[in-house]
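Chain IDs A, B, C, D, E and F follow the sequence of writing; residue 1 opens each chain.
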């Protein structure tokens, strides 16, 4: 506890960015909620852009407009 | 908002079906809840059939009986 | 299978709307993916507006702009 | 996109802390992944401590040891 | 790690049953996957029966047929 | 109903272990909550170790210490 799940499309997420996301999300729990980082879990789900839709359309077809 | 997550086994989902799922789920939010489609997100997770169980058994072993 | 999770803020969702969401989401699975409705599950999560943020702000503070 | 779900036990989360969690998680997406905050959603789930277990025991019975 | 999420309708789940679910799910991870129970988290979500549908209908209206 | 989601890192999960996880989690629902196994769904998500963090670090870099 806590458990943080981050879902993003599977474009452009580098190993260094994953490292930063995990470190940053954990630090939020420590700073804001005074949680123990040793029991804070962060899971990143990379979703294919064709499986994520907004405004009724797939990201794979709209990525010029929305990021 | 809203956020809709659709989980199905990873068989037979075509790009056109994904497009229809995203459009259809978004339209439900507009029609029933009067939500803004521009802030409605739909995420489709395709789960390997060997990772999904019902009645205590994997779908990969039961797909003749259950769909 | 399938499993559909719908997350919305906890404002204004009537019993009739829940009924329509469940019926509508199930029908999408039948029409688009040819799934069996008897094994299609729909779960609606109503999230307090103060627990949902977009653009870095809680919905409870932004509901005039975004729906 | 992105979508961030934060699950914590339902103790001691003040409105100000929720505001900070939403702002902080959104800022991570902007800073690390260069995402648009207007399409970044954060949902906080507050789980009763008796419904969360670690080491095979409920948090409600172990909160002196683990945070 | 691991993280187990159990969703059930919010009927009839006693504190003792929650305790057993958490202990049992943790033990599965230890026995089958050789995981460390100290890092195994179990979260139980109790969903209102009117928010869960199967076969296109709410559980609150079908509980005589399906459990 | 119920719906159980098991998230583990994507190391070392054999088909036989998946079978056992699904059977075991379903049996817990039958034994503890008296649920119908035919409507009990279990979904296993295998998460890349580089996408899962604890104590602010990726599992892929800490697997000697934590399991």
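Keep in mind that, in the parts below, a residue touches a chain if its C-beta (ideal position, glycine included) is under 8 Å from a C-beta of that chain, and two chains touch if they have at least 3 such contacts.
All of these numbers come straight from a predicted model, not from anything done at the bench.
Listing every chain that touches chain E and chain F alike gives A, C. More than half of the contact pairs at B-F come back, by residue number, in C-E, the repeat among E-F, B-D or C-E.
Annotation: 13 Å between the Cα-based centres of chain B and chain C.
One finds 21 Å separating the Cα centroids of chain B and chain E. Multi-chain contact residues of chain F (touching two or more other chains) are listed as 1, 3, 7, 25, 39, 41, 43, 52, 54. Every pair of chains that touch is listed here: A-B, A-D, A-E, A-F, B-C, B-D, B-F, C-D, C-E, C-F, D-E, E-F.
Put simply, chain B touches chain F in their complex at residues 7, 47, 50-58. Listed in rising order, the residues of chain A touching chain E in the complex are 1, 3, 39, 41, 43. Residues 15, 18-19, 22-23, 25-27, 37-46 of chain E are the ones that touch chain D when the two sit in their complex. Contact residues on chain F toward chain E in their complex (touch as defined above): 1-9, 12-13, 17, 20-21, 24-25, 28-29, 31-36, 39, 52, 54, 59, 66-67.
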